[in-house]
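Presented sequentially are two complexes of chain A, the first with chain B as partner and the second with chain C.
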Partner chain A sequence: MLLKRLGWALFTILFVVILNFFLFRILPGDPARQGIRDPRLSLETINAIRVRFGLDKPVINCFETLNPIKIGSCGVNPLDTQFFIYVGNLLKGDMGTSFYYNRPVEEVLGERLWNTILLIGAGQILAILLGVIFGLFAAWKVRTALDYTALISGLVAWSLPTFWLAIILLFWGTNMGLPIGGKATPGMSSYPFMDQLGDLFQHLFLPTLAYTIIYMGEYMLIMRSSLLDVLAEDYIMAAKAKGLSTFQILKDHALKNSMLPLVTIIAINLGFTVAGVIQIETVFSWPGLGGAIFESVGRKDYPLLQGAFLLIAICVILANLIADLTYSYLDPRVQVD
Partner chain B sequence: MNRKLLYVMMIIALILSACGGGGAGKPSVVRIGWSNGPDTLNPGLAWLAESYTIYELIYDSMYDLNLDGSFQLTVADSVSVSDDGMTYTYKIKQGIKWHDGQPFTAKDIAFSYTLYKNRDDFPTLHSYTEHFVSSVAPDDTTLVLKLDQAIPNIESRLVFLYILPEHIWKAYTDNAAEFENLEMIGSGPFKMKEYKPNEFIDLSTNVDYQSGRAKVDEVIFQVFSSPDVLVQAIKTGQVDMITELPNTSVEALKTAENVKVAVGAPFAPNISDIILNQVDPANCPPEADGGVCSGHPALRDKQVRLALAYATDKEKLIDVVLIGYGTPGIALIPDGMGEWFNSSIKDFEFDTAKANQLLDDAGYKDANGDGIRDMPDGSRPLTFRLNWPTSSIVAPRMAELLGEMWKEIGITLEPQAIEDDALTSKCCPALDYDLMLWGWVADPDPATLLIIPATDQIVTGYNETGYSNPRYDELNVQQGTELDHAKRVQMVWEMQKIVHDDVVYIIPFNYKQIQAYRTDRFTGWLDGETKLALEDVTSLMVIEPVK
Partner chain C sequence: MSQEYFLEVRGLKKYFEADRASLFSREPRFVHAVDDVSFNLNRGEVIALVGESGCGKSTLSLLLMGLEDPTAGSIMFDGRDITHLNDHERKSLRRKIQMVFQDPYESLNPTQTIEEIINEPLLVHGIAKDKKERSGRVIKAMEDAGLKPAEVYLNRFPHELSGGQRQRVVIAAALVLEPEILLADEPVSMLDVSIRAEIINLLAELRITRQIAVIFITHDLGSVGFFADRVAVMYLGRIVEIGAVLEILESPQHPYTKALLSVIPVPNPRLRHERIILQGETPNPIDLPTGCRFHPRCPLAMDACTSNDPPFITLSKTHQAACLLLK
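Showing the complex of A and B:
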């Protein structure tokens, strides 16, 4: 049955590939001009640039271009149209050339993706750990001062506008001497490895903190309410009656069951945050995927956006697949079908 | 055994690095913050000013552009021009070396110019080779450049044609647009040390530079993704200079400790304009080329355009839109372009009464009493569509102010922002608009701006107003071939006067470049010149650490 799941995932990705391609052909934008009108640009140059990006070929049979819609010949060789050239290249791992950077899209995205994974990896782990711990305490000490404090701070953290929190942290952190942005202090590549690692941690600190605060609140609230539900079950009462310690009840009986809703949220978040840390990446000049998407929208760098969207779609689909599998591991009653 | 060796090596390396740091004195590193990195390191493909900043530091070209707009020879000792003005012979300096140690010769120059000439997919640099017939190097110190006509501005054509090493680029002559050029071997005053796209560029000083080395050891350009972060970076001293800051942050930064704000004309001529569609239906591009020409007929009447000019309060626009950091715009050539700018033009004074009088006299009365003037024949009201590109930061506020100002003379606006490319297709050569707020960034030579209102540019889409004047066209051709500098300046001045007097455009203001630097780190920043570009090679060659 796992095979069926994988089949659906592949089908969805294929659908995204097609949708993505046509979506960006409908949008306005001309790589030969980049929104710049320049009296130095001659018509021959504009045409030469179009040829370089393969835009001189018809989009697909019967259509020259989609914006504006220009009907073309239906008799052209399908393999010589932009669509099939794109699909063919994609199969070879070639996502096209970025209009803006004039570099292969997969190279640009590859560098950026690892930076984002580093940031959200650190942030998610911290957010999950802290969220689960605080949620656990809040639920166990329900309706005490501890619970209320956790509840209110969780709500506040969850509802804070990300960019606002990030800017406040930035001003606070840089006055404390933390680096203001980027992933590394420029010019340190010849330093010893440990120095570079320390430098990376310094740069990671503020964006990770912002990320952790934003997501921790959400995880804590979900953990708390789901644990409260579980703790009201009869089997917990039975466990208490058996004389088990609080720690044992939480660890062996309550925690695993109350994790189920959290797993879903984490999986969905993981998929989306690959793109969704745009605000944090922008404020802290973090060279990640979110920042790349944000910049590319302004630059109308469609091949890059097309690649980024595909990457995000794959991440979301993968995260969901993993969530399904984890679910059945945590709760054997759930079958992957 | 191996591991032991590794430890020994590590210890030696540590000792060496400690000695190196202590013994030679700390290298002086200039840190510059900007909001964009270069788009590409391949000079043929660049659009962004940031890319050209880096090229200026790493490469040499035949001429350097000074901050006052003049040029000087860089890699040549002398130049001689043939009597017909069509052959330039440069005597190239001896002993120049590429960053990788190979000798730099006239052959490299000939190779580079030929490459630019042949690559018609190089968007901007290719255009400078327009009149080149051939460039050859008969020997290592002689370059002969042949043109197809005598032109007055060879310097401004060669200044951006960066000289590339033939021994590296010859492998890419057929696919030069795919070469990423990450090593960036040049012959300029700085060498590429490390490049992380969209993070930073680290340049080290070329100590063997032919005309003397820079006084600093290293220059780092770091990207910060928002202007507010740039301001914070200079306040906390994490950078020594920032290339731009929002006009709204100037006051706050002026009071910051050890920070100086510098204001001047931008390095690249930059004009902002109110574009008036005045195309004569007879000059409308053919429908097949996209001509629509839906402009309001009143804008074809010079009296209406004059009234709009008189009713525009430029001081107020500068105060509100630019928070005071601008100068009133007068001519198509901005005032930062030195001798090319026609400083004798007297601008239309802000005078609403006079504007109303002009419209009254020309017969634009409010026929139906709705507060909006109508065409003399009563056919339609003076309601103009006003469009601007969505990427413009200043345009929305400007549109609002213009709406208020022109309401005073019975003219209403229908303001609407349009996405840049969509506006381009409405604009030119379709001429499917009434008024637009846009602008141009141009070359150091005035020719690129002056060509815009020429009649033959209506169909190509650069003449965005549809203006046509035979005298202007004649002057435009003449200034393009006039070799007598003084005479050419005179022609350029006359052309600006024509554009001003006919109200082809209303130029609301000229931008000011605003930058800031730390006073406690380096001294000698060139912030007292007409043009301001502290990131330019001119400043970076002369600054030195504060003692």
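Showing the complex of A and C:
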């Protein structure tokens, strides 16, 4: 029933589009009033700016604006209201114009989304790999010094405030001579490709490290406890009686079954990860989506925020969809419907 | 004693460390799970180990499988000491002794198909390198275990089968290695009553067709008369009475065996007989009673029972019981 799942995902996205649109219409401020605070601005200019961003049109039938609420005519052509123009443009891939950058939102977000995906991707993959490996060792050597070390450091890593860890790493990175901000050294673009790549890795190192530490602890603890549960199952004893070695039992029976809770957690995390990544991107000035959100809040750049929120929602919905499908692959008892 | 048994268990003990008597005592206390158990098993023989929950039946089965290390005692199999083995020797022995676990809902990996589950022992032991030969053996084992036609079940997952079918899968996975001893740890206690008879019939059949010796662990004396050759009754980690099935069922000598037998429901209501209901709970296996370990609950206990641990009294060539009343 993959189609049904996809249908629900699309429905959720549609819901987010509508909610997102009205959310930013209820908030106060428009570029003419908040973006450019120049008392010499003439009424004509203000109106021209409003026309430029389409803010002169009614939000939707019967409403002139939502903040302050001004009841307008209900007889407007619906296609000439902000909402339907927005939806229409969105279908064409046009997410509006940023108040601050004065550039198409999709262009600004496009660059930044890839930077965030690079950071989250590298961080999550490392965190999952290391978390699973350490969790496996901790569960295997349960109630030994190794297990307790892993347990305590996992708990500590999990509970560290993200921004605090990032700042500590920032200081450490300065001492180590690592680049501590941005994505590339200025002027790097004239160097050969391999040098640029090396430069990118250097810049990626600290934010990825911070991200990995935060998530690895969580994954390790969950992997450990879930593996301990599985190892206590009768079918592990049965496998031992069949003659499987410890390694074979871990590989063929325990790992797959104990990965199930982890898949759920990872999917949920991919949703919440944006919050964590805002802090990391801000501390390390990483030009990603999180940084863009942080900056745009101060600038009241509503179209950009609206676009970023939509992108994040789509990412979360996709991550959940993938998690559902992975789950049904890992556990035949779960059927996608 | 020159007679060589197929499986010979001598003075087997397993103590688990429990707790300390008090905060200041140094000596840890032990759970006497299996305490000095001895018995023999002949090739192709079925022995039933009977006893209530917590009497050490399951620990005994884990010891025999080498899944737990015994504290003391020895296990001889086919003339060879198998009490302590290294991993390599243990693995080759596992082909000969296989186990059917109690709960078919727990003992099958939910992410494997039936074919993978039954095929796995062959892969692990490197039996039948040829894929075709392997699948032939898998199908043979499944049909012997009563999963017919086998093809229907091959690609199913455990959760798609009923409890009885699952237990047949467990049995097939044990049979596929063609073991010489099958250890069945309460194989029917988790199943519906209607299915129990089928599974017991199946085990009885296998014993005839494949000449497998079966150690059948159960708490239900009613089902053992059906196919066991001999019965051993366990109480608190020790065998209190052992004998041929008719001797145990028709002339039990130990008061505990009598009590167990008296509560088996009899189909004919006119044959109502007196039931011996044991008083009290099973004593704590950490603090064992002095003397005979059954005396606190024994309806026939005498003064001597509190101080003397009864030795085994031989009643016939096959029948032995440990009770001071037997002289």
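Convention: the second predicted complex is superposed on the first by the 329 of 337 C-alpha atoms of A that agree within 3 Å, B and C clash if a C-alpha of one lies under 4 Å from a C-alpha of the other, contacts with A are read in each partner's own complex, and residues count from 1 in each chain.
The rule is simple: contacts are C-beta pairs under 8 Å (C-beta built on N, C-alpha and C of every residue); 3 or more make two chains touch, one makes a residue touch a chain.
Just so we're clear, the structure is a prediction, and the values are computed from it rather than from any experiment.
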item	value
Which of chain B and chain C A:T149 touches, first, second, both or neither	neither
Touched partner set for A:K242, first chain B, second chain C, both or neither	second
Partner chain in contact with A:D331 - chain B first, chain C second, else both or neither	second
Contacts of A:E233 with chain B and chain C, given as first, second, both or neither	second
First, second, both or neither for A:S159, with chain B first and chain C second	neither
Which of chain B and chain C A:K256 touches, first, second, both or neither	second
Chain C versus chain B, contacts on chain A by residue	B
Overlapping contact positions on chain A, where the chain C interface meets the chain B interface	none
Touch list for chain B against partner chain A, complex	14, 17, 29, 31, 39-40, 42, 45, 47, 120-124, 126-128, 177-178, 180, 193-194, 196-202, 218, 220, 222-226, 228-229, 232-233, 236, 238, 389, 391, 419-422, 424-425, 427-428, 440, 443, 448, 451-452, 457, 460-462
Footprint of chain A on chain C - complex, ascending	65, 67, 87, 91, 94-95, 98-99, 101-103, 106-111, 113, 120-121, 124-125, 157, 159, 170, 173, 177
Contacting residues of chain A [partner chain C, same complex]	233-235, 237-245, 248, 252-253, 256-257, 330-333
Chain B-facing residues of chain A, complex	28-30, 32-45, 48-49, 51-52, 100-103, 108, 111, 167, 170-171, 174-175, 177, 179-184, 186-187, 189, 192, 281-283, 285, 287, 291-292, 295, 298, 300
